[in-house]
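Quick heads-up: structures coming right below.
Each of the two complexes below includes chain A, the first together with chain B, the second together with chain C.
After this line comes the complex of A and B, so read on.
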């Protein structure tokens, strides 16, 4: 299944429908998810577990929108003709802020000492939703051992947000299955296909180990950290959603 | 037997079918009492899958273990009804007699001790599972006796000296469980219910007519959600597919619910008959009874009923000589996960996956088990179908109210004289039920279990039915002595334990709800905690992926609404302006230990504030 249609030019035969996001009329192709349709229309819906090129999972819930008054995860919900979608409202921003905070507080996210700082999507969402009340939620402070067994790649699941992007990338793009979910509930985490990472067939060329796959600092490349000075890091210049929002200008 | 042989035998038994991974892991768990690294590697190799997938299952289902369990595992139910009935004292007695704590296994590998969520015996609490064997109405003295027998080498089966009424005494069940049927209605628990008349009537009709009759009867899902059963059948039939499936949801895990236990024990034929009729209506050749692991003691009996039905031509090819309809049923045993009661999670579990809900749409009636149209229906709903076929939709619709036809089985437990199963017509008032159940001083009724609705005295005039109090059947009664927040805390603990962890709000948010409830219970709450809980609850309900997360904040929200004075008496602003959650003395203790000095300002001995 192809996702995130960059151009709708090849889909002439597909049924075109229209719907609205925050009052603005947008075009979509029947069968697209709300997020795909919004991306195409240049409307950015914030997200963490979703990444272009991977099947959507619908787990982080940050992309929650209201469709005809009902909350749904836009990355997995199909768009319908005439749907009235609410995206950037005070109520929904409040939910997203809570969800982003939950992820911050569930793990150990100490931005100043994290290699992913500046290119971390969770941090970027924190800025976007102004999650500055650091003491609102309790900190769960997990103490899981860091897996540094592999010569090139390190895994610190204390920073994992359970987005499963590494799992899908390894399974669907690399054809390997290096990662998988283990545990349940608050103890659910990313496990590896072996007693540790050195007992798996992961390597640096895997999409699962690509810098952009892990949205946080959970999968880390050894000997590669803090490579951009503050102010010139990826999200200092172009925070998530920049490319999608640019489409809007181009399409008009 | 070494791990390799155990795994080989387990995989062979299920034809190395990856979809039967739960059954395979059950075989290994029973034989080796755990599934270790080597076992996971071997299973993965035998099935051509990855080790991490196997580990994903072993660590998801609470009846599987990656570390060795004892030959006998005692699982004491610790839901709030059992605790009120004395489960904690029973637990202490077990710890004392066995010499191990909860979560531990004895050094010689003889026994393990664990807690478990509701096992469907709240009407005879405290109760426990000893391997598959159920023990009920426990006291500390009884628990000590059981522990002694176990230490002397008794098998779990040998612990049963007296068996219960009805089929509980059937040699294939042989359980000390009582049915506790307190009120028999006309539809399901009536003494004389003819079997197979409904099936014969259905087979004389077209499948469409059968679905139509169920629709006309106004039958709605008895699990609590109340989706019209006839519409489900019609929808599933409407999607073109080469195969369709019919699944009976016997994963009755909502704390305080046990009516399906009684139906499975006393109305197994009616259930299988209902499954057969529903299968005929949708055009399914295969059915699955998803049986929760806690009811494993019923499995042999149910398999025997199935066998007898096959022998009688009621299952298998050419049912009742109809020459056009064949259908058979397999039993899928669960492995300890409440979330599998959610229909799409149940389907994942039947497919040998982690019991996580699927993204919807598409709904199971379109793409369910193995991607084929599937109807998942509650045991009680399926039991109603043969009755409707036999007696007609008008007869069925005459019971109950305008929008809620038929009768409802209620599982009554807690502070009442007559806990048990009541078959009542819809429309019954809560106060009428409480009177029947001889609840002398009821203050709270939890309608529908933790995921349902908590009501106080002011709401006892309300009625059971889809118009008002919709319920899967749990009626937990609490008297005025009980602590509301203790109940809320227990329910949150349950949701946290049973969350699958897939989505953020349910996985993390419910932990935060409990943290704040406990803070309030400990007297450290402040008024702003109420709005905090309200807002957090709204986020969790709005953004969760399935009903578990949507429901998790309900005990908090309902209790704040129903019992504001209880909360008001617990949350107080402090005079010194410090945050109530901050314990200055505890904070200073650390500094005192390090500095070996006292605080001139805060130490009471120096006239400091003792707060």
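After this line comes the complex of A and C, so read on.
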């Protein structure tokens, strides 16, 4: 599946269709996913496991929307002519909030001590879907290893949400297959292709090690921690979706 | 008039400092509430039942647990304030060494004997009978008692504390200042 959020509306030969998101009519090209079409129209759908430039995977379900009354993952569901999509409703926000909270409870996400704080997409989703109700779920507090064997890159798997973005970036963009899924169910985790990270082909120029690939603080570049002060970090200035929402004015 | 009690368990008092960040609104707050047991007025025990209890920090020793249970008995609504009360915060990092056979001993030895930054020529570890016993691991408030509301942040900003507190006091829906919720 081709993935170019930017290219919508360029090709004359493609069949143009229209659909609605939260009552607003949007244009799309047949074959686009709902998320691609919404991105093009300047409507932000929150997401964690999807990133521009990577194949969609549909595993985090934070991008769940209702299409004609049925919940689907918008990053993998193709848009159809005349589809009625619900995105920013109280019900769907509730689902997304619970999904994000479960991720917080499943790993060890200690924002006050994490160097990804302020540029962490999981944290940004937590801020977006904030609630003041007390915890619904227990904290699992798993004990997971830290792999600091590589001279430039470190893995703190306590913070991994298994979005698979590093797997897809390494496989599809770097052509290296450094990361891969291991195990099943609650034991599923991201493993490296070697006894530890220093025995893999990864290096600092890889997209898999790029700052924007890991949405949390699991893949860390050494000697770079806390490089911008609180208040001027990426998501302090521009929370996720800011760029997409800016397209709205331009497309009209 | 509503009565409020506050306490800092395994916390750093940062959330209490943040409560003072509401600045001159504290005069408005004093018109709405009366403070019962709280470090702000140095009352060490409850004088009567309270409407709202603010809990900062989680439970790392037996005294924290006893205090938290006392707050649950004495307060109608318990509010966990800050990341320590919600998910353990910095103290809960201790739970990450649970792979050890004797995690508490390993933790104490690292803190008082083995760390390269420690100067401890007598090799003593704190062992006074007056000290509350440490728990085997850090327990989050919601693992000990029922918590009704949480205010996230490290610490929550004065504005956020003000808007949530006034909503709870007046019984109105909680509305937050834009960008007011931060986990750090």
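Throughout what follows, the second predicted complex is superposed on the first by the 244 of 252 C-alpha atoms of A that agree within 3 Å, B and C clash if a C-alpha of one lies under 4 Å from a C-alpha of the other, contacts with A are read in each partner's own complex, and residues count from 1 in each chain.
To be clear about the criterion, contacts are C-beta pairs under 8 Å (C-beta built on N, C-alpha and C of every residue); 3 or more make two chains touch, one makes a residue touch a chain.
Just so it is clear, the model here is predicted, and its values are computed rather than measured.
Could you say whether A:27 touches chain B, chain C, both of them, or neither, answering first, second, both or neither?
A:27: touches no partner chain.
With the two complexes superposed on chain A, say which partner A:181 touches: chain B (first), chain C (second), both, or neither.
A:181 contacts chain B only, not chain C.
Looking at the overlay, what does A:133 touch: chain B (first), chain C (second), both, or neither?
It touches chain C, and chain B stays clear.
After superposition on the shared chain, which partner residues are touched by A:204: those of chain B (first), chain C (second), both, or neither?
neither
Who wins on chain A residues touched, chain B or chain C?
B
If we overlay the two complexes on their shared chain A, which of chain B and chain C does A:243 touch? Say first, second, both or neither.
neither
When the two structures are overlaid on chain A, which partner does A:15 contact: first (chain B), second (chain C), both, or neither?
Neither chain B nor chain C is touched by A:15.
Touching A:117 in the superposition: chain B (first), chain C (second), both, neither?
In the superposed model, A:117 contacts chain C only, not chain B.
Considering only the touch criterion stated at the top, classify A:224 as touching first (chain B), second (chain C), both, or neither.
Neither partner.
If I apply the document's touch criterion, which positions on chain A are contacted by chain B in one structure and by chain C in the other?
138
Spell out the part of chain A that touches chain B in their complex, as residue ranges.
Listed in rising order, the residues of chain A that touch chain B are 56, 58-62, 64, 71, 73, 76-78, 94-95, 98-99, 102-103, 105-106, 136-138, 140, 161-162, 177-188, 191-195.
Using the touch definition up top, name the residues of chain A that touch chain C in the complex.
Interface residues on the chain A side: 104, 108-114, 117-118, 123, 126-127, 130, 132-135, 138-139, 141, 143, 158, 230.
State the interface residues of chain C toward chain A in the complex, per the touch definition above.
80, 83, 86-90, 92-93, 95-96, 98-99, 140, 142-143, 146-152, 154, 164, 174, 176, 179, 181-184
Provide the residue numbers of chain B that touch chain A in the complex, in ascending order.
37, 50-53, 55-56, 59-60, 62, 337, 354, 359, 361, 496-505, 507-509, 511-512, 515, 532, 535-536, 538-539, 542-545
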